[in-house]
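After this come two complexes, each holding chain A, first together with chain B and then together with chain C.
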Partner chain A sequence: MKQHLISFILISLLYHPFLFGDNEQLSALDILSKVDEVVNAPLDQELKIKLILIDNRGGQEEREIIMYQKGSNKRVAKFLSPASQRGIGVLSLPNDVMYLYLPAFKKTRRIASHIKNTRFAGTDFTYEDMEAIRYSDRYTPELIKHEQEFYTLLLKPKDVSKTEYSKLILRVRVDNYFPIRIEYYDKSEQLVKVLRREKIEKVGKYLVSKESEMENIRDKHISKMLITEAKFDTGLSEEIFTERFLMR
Partner chain B sequence: MRSTFFISLICVFFTHYVLLSQDTTSLQSMRVGGSFQGENRVQIQGNNELTWHEYRLAITLEGKPTEKTSFYSDFWIRTLGTPYLHTINELFSANNVNPAELQLREAYVDFYDFLISNLDLRIGRQRIAWGTADRLNPTDNLNPYDLEDIWDFGRHLGSDAIQLTYYSDNYKLNCVFIPSFTPAALPRGYGATALLSFSELPRGIVLDNITNTILLPKKTLWNNSLAGIRVTRHIFDFDFSLSYVYGRDCFPLVKKTVIIPTTQLNFHAYNELIYPRLKIIGIDFTGAIIDLGIWGEAAIFYPNEVSALNDLSAVGSGVQQFIVLEKKPYVKYVIGADYTFSNGIYFNGQYLHGFIHERGADNLENYIIFTSEWKLLEDKLKLIPFGGGIAIKDFRSIGKAYAFVLAPEITYYPVQNAEFSLGSRIIDGKGSTVFGKLKEYDELYVKVKYSF
Partner chain C sequence: MNLAKFIIRFRFAIITLTIIFTLISVYFSTQLTINSDFSSYLPESDEAVRALNYISHQYSGKHIAIVAVKSKDIFLRETIEKIQFLTSQFKRIDGVSYVTSLTNIIDIRKSNDFIEISKLIDERTFPITDEKCKELKEYVLSKMLYRGRIVSDDASVALIVCRLREGSDEIRIAKEIKNIIENNFKNDSIYCAGYSFNLFEVNTIIADDLRTLLFISLLIIVLVLYASYKTIRGVLLPLLSVSISILWTLGFMSILKLQISLVTNVIPIILIAVGSAYSIHVLSKFEELSESNDDRVLQVHKVLNEVTKPIFLAAITTMVGFISFVFGSYLSVIKEFGILSAVGIFFAFVTSLTVIPSIISLLPMKCSYSSTSTTKNSSLLMYFENIVLDFVEFISRNKSTLIKVSIVISVLCIYFLSTIERSVDMTKYFKEGTDIRIASELMRNKFNGDLPIYCIVRGDILNPRVLHEIKKLQEFIKSQRTVSNPYSVVDLIEEMNDVMGEGRTIPDSKDKVENLWFLLEGDELVRQMVNSSKTEALIQATMPSIDDPHEIDLLSKNIHSFITTNIDSSIVTITITGMPFINLHMDKAIVQSQIQSLGIALLFVFTCMIVLQRSFKGGLISVIPIVLTLLIIFGCMGFFNIPLNLATVLVGSISLGIGIDYPIHFINRYRREYLQTHNPLSSLAITLTTTGKAILINILTVTTGFLVLVFSNLVPLQNLGILIGITMVSSGLSTLTLLPAIFVAMKTYIFLRPFQNKKTNKDLIM
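And now, the complex of A and B:
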């Protein structure tokens, strides 16, 4: 018994990060907080995005949007094309407040949460996916796998009423904490979508995935997101994140 | 008309040419867009009359020449209805045989941070969309209704207006001045019967002709102008607005009727119609309760008293004077909700008290308007299996006067920017209601729209 106790203490000491300076033994929350820091690192960002929608027969459609983000909780997305959707805009503000602008009606409308689960202008992204969020604010993480190059986190919503997902599984790079794959599960725990992030490059000080794709597992439909222009820390005005700007 | 049409076309092509040929920053920010839309409707009953035939080219020209200014214009070039030809001489004009018309729907300039920061000025013909409900907005009273198409009842005409909007962190203040009154466009074709009501004539009188003379308000600033103010702010998780409009009823009201005999048995009625003054206080809100989106609007209408005169002296009934519109406030309101089910089916329902044209506390009827949408095949197909409305004159006697409209529709999006719709409207009911008056006009329609 005594021998076992000594062995346990030795093993514990051997793996204690304080003794060996091992700062990789991060908690799930630490990792997720770092993910939030990386994803939301820029003070502000202005991205021009091309969305390519690919159906299960290989047919393609394109959308072009311009997206502005400030910090981690304010975002505006406006459609530049196609013509039938030009001018449609979504404003995402803190505390789950979202507004939709439809040019045909000449007014903004606050979006109730039931809309958040619907497709954003025919893409595989939902209105909820378009929100600017910090994962650590909305989800409780659990580290389910630690490989040499990747962490795998299971995220469960803190408040199930605020999301249509029962859980997310994030695959995060160990070297830079960039999430390269996100699996989305619906309320019946079925995998519904997978987001893959590729072409991760440094633009200025920040890491950006220049190409990513959201695959809808059920519909076998893919929305590719290509960042064609990226500007960071340009000092975007607070005025952009208002209904006033959304309607312009 | 023809010359206006050609001048407008030349303007469009010239503008487009300038945009293409110039290479300056301001001109590059301009854009020509729009849509082509065609629609045909056929009556299901009887001999399948073609009830609607419209081919519309909507052209928008918009631009942002500087950070602080932008402009927008929208005009329609279209054919509406079939040619109305009487003589062979009319056949010698292509414009008679194949008529087209031009409508300037909107044309305005925006000045941002005008005089002070956060103050925007918009001048020109514009749509001022107030209210939070879907298409049925009792608080939306500055632009006149465009009821040309009775089934597109949320449509308004633009008004030549000056609009100032001030934005603060907590509220938005909107002030509008419209120097000149514009009446509503009334429904074309059979749709007119839905909104018209006829006075009972003394027994034995048969009208062979009716002349309706519109008396527009005097062309003085005080008589002709309309104004409105609206404050919007967020309170808790809801957006609220409070508004006031000093306006006019955009639907005419018969002020005087004179009946003159034309033969021994037939008579001619001369009506004079006016647009009474109205003051309207409005309140609206939008928000959510759990997952359910909800909204509501209420407008208190304060009309000026209008007395009417029936001159039946020619038929021996003397001159009758009576109050046709009491100086008594009445309230129109709407409440609505929408929800998207987990299978993707969207449902939207609204209850409305007081339809667009109804006035007076005792004349407001009840309407339940609903729609459902189901998008399938990666949003290539949209089904509206359950859409339409129910009109109930009085809840205390539903069986006496009610009507319903069922309007299923299927829309297919074959390629980007294109949509084809096929739908129908089936109407039935009892008694005299807005929908009930149209029950002989069940329709089947096809629509095509292409945006560019």
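And now, the complex of A and C:
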């Protein structure tokens, strides 16, 4: 469940803060590049996030995490609550390097890179979902719909072996390139997950979705992510993105 | 006269209403569904059923469908690809909550400073080279989580286990799984096992049986009727009466939202075999009177006056036999069978006395026998009478021998009765050589069975003390001969602990367990082991289909006794369930049902006989043939190893209900003759030539009707058909031999008190 939080956070980090862009006639690749720019705009960010995990019977669990991110590929998530998971931390570094810290064991373990399609700690997020990526690096876009307010992009993986998805469908706002909805399709072309982003507000110079939710279509499981505190460009130290910090 | 007048006056209304009711019934009958789920045959309040339903609700389904892929070596690239393909396909089926196979099961391993919690085989770890395949094989066979659970010890069979979501249509899912296999790997060695496929097969068989057996049964009755009457009306009218009562019964079932079960699907056959007799009697009487010059009302009156009482007696005793199931059975499905059969018999009784006379009254009067056939019949009759006279003499001479032989047969049967086996093995319901039997054998040989059993352990699952209790129980279950591969979340936690460098043990603190849980939570396999609030865990194990309920009973007692003496009840509570235990409860219910329903039916019939004979002794003598018959049936079950099961449990009460008709009619006729002649032997001769003949014909028709069940594809129904056949022959023959022997031997005929004011309608009905 905690991982739910982490994944959520990481995913939302991929998208949420961004700058306004122009809305001239653009190619699919131009649009996707703009999305990448918007998603990865802040130099760094510090977020307090409340995750609400809702199972198919309506049962709820809450988690709180604090998350630090620098650029697009360094990230730390630490659990604040519940007490049973307090102190557990995940560090994600470039080149698929991930560390996990378990406070009860006082040990850090590296997590193997080939487990990207594994669900992380009870959530509907996989390790892949948590990766910080530039969409334009990994996917080939196709503009499948251009409405007055939205672009709809079909993203197909450039290398199918590096992802568990066969395609993504992004619904991107025309006015600011904010991706407000992402559909994830598995290898058999079945819709498996949908990420929806709501309550989009401006914090400083960046846009933030204060409320977003990932719905697992098959399991009817929903993870809601509420951002309770957001700070951008505070000059986070490199020290944070180390194993030592993870164990603190 | 009132009923006859009523029928003649309202015959059009009766026919119209019958058509309307029948059309309504046809409409509702088409909405009937089949329920082959044995666990639903027990009441929901049953402890094992309640626990299994709870698991179904909490852990996404109680039943599993197992697909076994067989190969000379499972760890060949193409076989792994096959498993991977099937796993992904099965996952897409609506209603499948989890699919577990080699290609997606959780894998926990450490290497240097890495920990990997991933799928055993995925796109990134798929073995491409032979060497990688070999490595994988060694790895899989070295881990108890996989070996013997999803891969056989000899690596020749791998399983794909589908858990079906609560409330999903298991039959449809089983069919879809079979279609996927059929469409992609038609000629490969892939077998379908597990309860869901058993249900699918039973369902298919029930539907097929219903069609085929009904057709054969109707065909037989058409032939018998044509041979008897040689007229179209002689064939069509009884057929019409039976068809109407079948349709009304099916419509009635549908309106009550009941489903066709393994037991209730026999009802149409019963109605054809038993219910047809009523309209045949009515028709016979009409044929008899066809040469008279009476007007229609008088003719209908005469017929009804003659046949109503005997048909009523026959119907009521049969209905009592069926209704006894309502009071005597714990199994809902047998209660339903009792009520519905009784209702069906009632419909057959009503239609034969209303609809048939109404229709006949509209048809032109005709004589059905030609003069030649009458002459022919007369010579046949004389021949038959001569045989009967010889037979009477034989009985008179050998009365004590007949009685002694019956006693010896009874004693022998009582001996064999004690050897009756009970069967709760569902796979034995299928004929040998069927796919389901082959798959079940494969599962038994390679995985020690395909029936899951569960222990629900309630407590704080992340508490190491609780985990130790789970482990203790799991170890004990492992030591039981009939159970194999018990596993629980303890196995995964120990493995994780090992990965964290603390050895393959349960962590020593709750914090550590909670930390490990962080890594396990959300995995499909884990979600099948622990509930979302972590207050409950399942220990799962497998058992083969066990035929002997005592063995399951022993296992249940052993586990319960271990729990009582070794498990700390202050921190955990434990409930045990699973199909073997449901089967055990089913067996107990079957035995209880057999004893109670038979007891009730016997008591009721005995009381009826006392009232009817106006003598206790008379009542006692009347039930002798049926008691002997019951002993013979159960003796045969013991001798021929026909086990007591869901279908054969019906035989006792059905036999009693139908078989008691013979002595009733025989004694009634004999009494009437005796009171007129006061000569026991001549009374016997007359009774045998009249009622005796009718009994012989009835034995033939009813036995043939039930023997149709021999064509069923379900073994218990075949057995039921044979046993009822034996009943009819035994009940009929003992009425025609033992009963006369007793009459002659008794000499005083003390119970044959004269009826008062009973000069009419005591004729035979046979």
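Here, the second predicted complex is superposed on the first by the 223 of 248 C-alpha atoms of A that agree within 3 Å, B and C clash if a C-alpha of one lies under 4 Å from a C-alpha of the other, contacts with A are read in each partner's own complex, and residues count from 1 in each chain.
Heads up, the rule we're going with is that a residue touches a chain if its C-beta (ideal position, glycine included) is under 8 Å from a C-beta of that chain, and two chains touch if they have at least 3 such contacts.
In this text the structure is predicted, and so the values were computed from the model without any measurement.
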Chain B and chain C placed together on chain A: clash or fit? clash
- prompt: Is A:161 touching the first partner chain B, the second partner chain C, both, or neither of them?
  reply: both
Touch check for A:55: first (chain B), second (chain C), both, or neither? both
Original post:
Thinking of the overlay built on chain A, is A:248 touched by chain B (first), by chain C (second), by both, or by neither?
Top reply: first
Looking at A:187 after the superposition, I want to know if it touches chain B, chain C, both of them or none. Which is it: first, second, both, neither? both
Under the stated touch criterion, which partner chain does A:88 make contact with: chain B (first), chain C (second), both, or neither? second
For A:148, using the defined touch cut-off, is the partner it touches chain B, chain C, both, or neither? Pick first, second, both or neither. neither
Touched partner set for A:107, first chain B, second chain C, both or neither
both
Only one listed stretch of chain C (220-228, 454-462, 598-606 or 742-750) runs into chain B, and it is 454-462
Both partners, chain B and chain C, contact chain A at residues 55, 61, 84, 105, 107, 109-112, 114-115, 117-119, 122, 161, 187
Contacts from chain A onto chain B in the complex sit at residues 53, 55-56, 61-62, 82-84, 86, 97, 105-107, 109-115, 117-119, 122, 161, 187, 219, 221, 242-244, 248
The answer for chain A against chain C in the complex is residues 1-4, 55, 59, 61, 84-85, 88, 100, 102-105, 107, 109-112, 114-124, 161, 164, 187-188, 190
Note: in the complex, chain C contacts chain A through residues 88, 92, 110-111, 113-119, 122-125, 462, 499-502, 507, 509, 511-512, 514-523, 532-533
Within the complex, chain A is touched by chain B residues 33, 35, 70, 110, 112, 120, 127, 129, 132, 165, 167, 172, 237, 239, 286-288, 290-294, 338-340, 342, 344, 346, 375, 378-380, 416-417, 419, 451-452
